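The two complexes that follow have chain A in common; it is paired with chain B in the first and with chain C in the second.
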Partner chain A sequence: MQAIILFGVLISTYLMVIAKRSTSLIRAFRYQSFCLFLATLIIAFNEKQLDLYIVAGLLFVIKVLAIPRYLYRFLNKIKANEDLGLFINAQLSLLFALGFTYLAWVFARRLIVSDYALAAIVPAAAFFMVLIGIFLMIFRMTALAQIIGLLAAENGLFLLASTVSGGMPFFVEIAIFFDVFVSVIIMGFFIYRINKLFTHIDVNKLSRLRG
Partner chain B sequence: MTILLQLALFIGVSPFLSGLISKIKNNLRMRRGMSVFQPYYNLAKLFSKSEVISENASWIFKLTPFVVISSALTASLLVPVIIFSNPLVNAGDFLALIFILALGRFFLVLAGLDTASSFGGMGSSREMFISSLAEPALYLAVFAISLRFGSTSLVEISQMHTLSASLIVAASALFLVTLAETSRIPVDNQETHLELTMIHEAMVLEYSGKRLALIELSAYLKQMILFFLIAGIIFPIAPFGAVNFTQSFFWLAWFLARIFIIGLIVSVLEVSVAKMRLFRAADFLGFAFVLGIVAVICAILGV
Partner chain C sequence: MEILFILGAPLILAILAFVMKNKKAAGIINAISYFAVLSCALLLLKRCVLSECRVSFFGFIYLDALSAFFIFTASVVTFAAALYSIGYVNKDVKEGVISGRRAGIYYSLFNLFCFSMFLVPALNNLGMLWVAIEMTTLISAFLVGFYNTKKSVEAAWKYIIICSVGIILALLGTILFSYAFAVSGVAKSLNWTDIAQVAHILDKNILKIAFIFILVGYGTKAGLAPMHTWLPDAHSQAVSPISALLSGVLLKMALYAILRFGFIIIKGVGFEYFGNLMLLLGVISLVISSGFVLVQKDLKRLLAYSSIEHVGIISIGFGLGAPLGFIGALLHIFNHAVTKSLMFFTAADAISVYKKHNINAIRGVMKALPFAGVMMLLGVFALTGFPPFSIFISEILIIIAAFLNGSYFVAGLLLICLGIVFGAFIYHFGKMLFGNLPKGIIPAGEQLSAKFAYLVLLFPILALGIVLVFKQKDLIWIAQKLFQG
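Moving on to the complex of A and B:
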């Protein structure tokens, strides 16, 4: 059951890679977070811990509902161009993503020493999400993609933490959620300022100064 | 006897499936829509009409509808629906099924080129473009399923009831391919006859009367076969083997129900997404291809 949800995570991450427009990227992030929510719920059910249930609830409220909604509203407000600006086209990005899948799998197998091959699947998925997050931050031009990339990498770390160690201490978890939410808001505000100053959010052109 | 029963099941239900999908779509759009039985009326009308054949058409044009319908009928016999005392179920495996369907498509493409009308040629080239992208994904999905069960035989696959991650990913790849192959919305649109966007319709534009009816019927059959394959992977049940009357009734109900569930998913999806540009279809099918690769990897890992 958990494996099936993990492949939901995998597919939604692929969707993030092929997204060409901001709205579809945000939607893919929402799917990814939702799959993560289900996975956390299953872990909570298996370990029978109240903390994990609360963490799953927070995950749902913040990452599935609040952050995507905030980003949608924000996009409407700044009326930025829908185009994400791909350095590498969607097809080639998919091939890269496939390579990352393999890389993550090999890395996880080296890290988790176990005869049971399935033990490495969850860490592999987590590494994969982190890699794709960084990939999105590097190879997409707009600042929005960098926020989403950071969030995707954070999702991967969350998955790793909640499966390998059965969840971080409860207060650490809550603090991280709060941090993420606040950082999204701050980054959104930065983008808003950038957009006002430069009339675009293309990070690639930011190296040229305007006096 | 069982062969006839299976053929009757496929021919009888497949137009209804198409009508049902269009009814659901129209209702979702707050329209009344045509009756669910409209495809039957269309077929009956077309079969009773005389046909017009271009005088430049060669034998390929005249022969194609029969090749297409016979490939669709053969394919519907290879699917393990009723395997109880059915001599044909082991005649071909998964790969044979796909190749037989590809034969029909090959002749359809030739026929589109045959009369040298500009629409026919355009439709044929687009169809080959789409199917050359769709087939690798389809094969990868099939390989994943075969690796999972250690066999390409449809009968053996259908007798093992399991569900696993690789099968789900393979089924989703198969689903995307099915959308492309049955000319559903993200790739093609069945409802419109707008010249610039059509693919399947453009190929068969020259046909009329009985031959058009044959081609439409084979399109319905192909759709039902593909839906049945997806349904068989997602909701695994044993093929028909019961002799008891009530058992066979329940079996039939469940058989139809799962095909209709797939139809429901397709129609909701069709209402909720917009049609892509033709060249975005490469992205769409590339995604299906990657899903196929993931499915194969999962099958090798054994999940």
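Moving on to the complex of A and C:
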């Protein structure tokens, strides 16, 4: 079961890499968050901890429902160009992503102290998600893609925290959720302003400040 | 108990500023309250240095001499910024740059920003530390983009995105630290006190990798090159009192986070590793920023690059190690905070007269603003490390530490870069301060609150610079106290 979910996480991350339009990127992010939600739910079920159920619930409400919906509504409102603006085309990005997968695996194998070789699989997936998140932030031109990249990286960290260190303390987890939610809203607010002032959300063209 | 007041006052003031109709009164109440906060911070510092004080609310808040020192530094700068804000905001409202309602929002954000910065050094839990630092970014992004012009919104966006990437890496580092702790088989916890206690038995490899992430992550926030690219934009576009807070306090809070993790590394891996990394980043920052200072055309960006330079010096100080390097770096944190705030305030005064950021457009500040001009001149000498100002003491301590350590290369580089920056500052500010007033510039009156703010900042600059020459022994005693925790 866990293997299937992990597979789902990986597939949705690859979907994010090859997405060319804002809506498909948001949809892929939603799949990714949903897989994480399932994974957390299973851990909660196995360990029978109320904390983990609450964390899973929050994950579902914030990352599967609230944030994608907010971003969709937002896209409609600003009527920005749907195109994400790829610096690197989808095929090449996919190649990069495959390279990152291997890199994450090597890194996780070196890092994780365990006799059992497969113990590194979940951390490897987590590092991979963080790498892809940062990749999206750098190699996509619109401000929206940067937000999604940040969220994807954060998802990866969530997965990492819940596997390697047995999860963050409960109130820290809540605080981080809250923080992510607030930061997405604030970034949305700034995209709205950028769109109003510049009539586009292409961050590549923001180059008034130099030197 | 002082800490409750220090954290509570900004929160109450934030609400108060939002509801109060009379914004000038709100500003004055603000300044008076921050004076109270400053006195509380002083009491806290005294208590924490003299006695083994470890206040702890359910293990949530942890205060030792080091955190008290950072809170004190923050409180001095916030008091001055609150004072300066009165006149500054008043002027903006009068000229119609911002509406009365926006002035209220400004004071609310100002207080929330201060709250988040006071919170950072008081926290024990490393996860919450991360949340608090992220909170400082989110709140200050509004203050960077406050004027809602194309440039300021662009700066705010860059600031929020680059710092978010940095902070994601810092969270990764934090998780790896907690992993190292979890592997060691002790209880599950993210409290600094718990992890630091068993630092020597933690897995060295994980700690090393985790610290690199921490250093890159929080280093982005601290403005260490080559992750500094957000800093000149944000500092130059923010509302001027906020520029002082960003440069004086925010960067230092990120350094505080690095130090906290650094203690675990020093205990767990050894000083060499921590020291070399800090030296490396410090030297890169110093070299890059001194080049940019030389060719800068924008007044506030010039000061921003000088902040990167000073963060580099502080980082070198920590890299050189105890006791001289450490005490030099700590003193430098305080000295740079007050001196740079003074410079940002005077620069803001000049910009509000000439309506331009460009260095070439600003001429004859001495004639246009006699009081601020003198302060700016003193500030230039203080910032470039002239005696009898306080930065001279901290820089000389760091240079001595470098020579005693045998790091002649670092010492030489430090001296060369300081020379370059000194030359650049004298050149740029000499042109701005003296010379004839451009046509059409009318010398405007100076704000009383701004004069007060200058004097508040000038006092520690001069006092420390003179007193510390005679008190080296006490200095070293305090340094040892600070690093017991």
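We adopt the following convention: the second predicted complex is superposed on the first by the 207 of 211 C-alpha atoms of A that agree within 3 Å, B and C clash if a C-alpha of one lies under 4 Å from a C-alpha of the other, contacts with A are read in each partner's own complex, and residues count from 1 in each chain.
Convention: a contact is a pair of C-beta atoms (placed from the backbone, for glycine too) under 8 Å apart; a residue touches a chain by one contact, two chains touch by 3 or more.
Predicted model only: the values in this text are computed from it and were never measured.
Peer 1: With everything superposed onto chain A, say whether chain B and chain C fit together or clash.
Peer 2: They fit side by side.
Peer 1: Does the superposition put A:Val172 against chain B (first), chain C (second), both, or neither?
Peer 2: After superposing on A, A:Val172 lies in contact with chain C but is clear of chain B.
Peer 1: Tell me which touches more residues of chain A here: chain C or chain B.
Peer 2: Of the two chains, more chain A residues are contacted by C.
Peer 1: In the overlay, answer first, second, both or neither for which of chain B and chain C A:Leu157 touches.
Peer 2: Second partner only, chain C.
Peer 1: I want to verify one number. Taking the Cα centroids, what angle sits at chain A between chain B and chain C, in steps of 10 degrees?
Peer 2: Rounded to the nearest ten degrees, it is 160.
Peer 1: A:Met137 in the overlay: touching chain B, chain C, both, or neither? Say first, second, both or neither.
Peer 2: second
Peer 1: Nearest approach of chain B to chain C by C-alpha atoms in the superposition, in Å, rounded to an integer.
Peer 2: Between chain B and chain C, the minimum C-alpha distance equals 24 Å.
Peer 1: Quick one: which bits of chain A touch chain B in the complex? Just the residue numbers, please.
Peer 2: For chain A paired with chain B, touching residues are 3-4, 6-7, 10-11, 14-15, 18, 90-91, 94, 97-98, 101, 117-118, 121.
Peer 1: Which chain C residues qualify as touching chain A in the complex?
Peer 2: 125, 127-128, 130-131, 134-135, 138, 141-142, 145, 148-151, 153-158, 160-161, 164-165, 168, 171-172, 175-176, 178-179, 181-183, 188-190, 203, 205-206, 209, 232-233, 236-237, 292, 295-297, 301
Peer 1: Within the complex, which stretch of chain A touches chain C?
Peer 2: Those in contact with chain C are residues 110-111, 113, 130, 133-134, 137, 143, 146, 150, 153-154, 157, 160-161, 164-166, 168-169, 171-172, 175-176, 179, 182-183, 186-187, 190, 193-194, 197-198, 203, 206, 208-209, 211.
Peer 1: Of all residues in chain B, which touch chain A in the complex?
Peer 2: Contacts found on chain B: 164-165, 168-169, 172, 282-283, 286-287, 290-291, 293-294, 297-298, 301-303.
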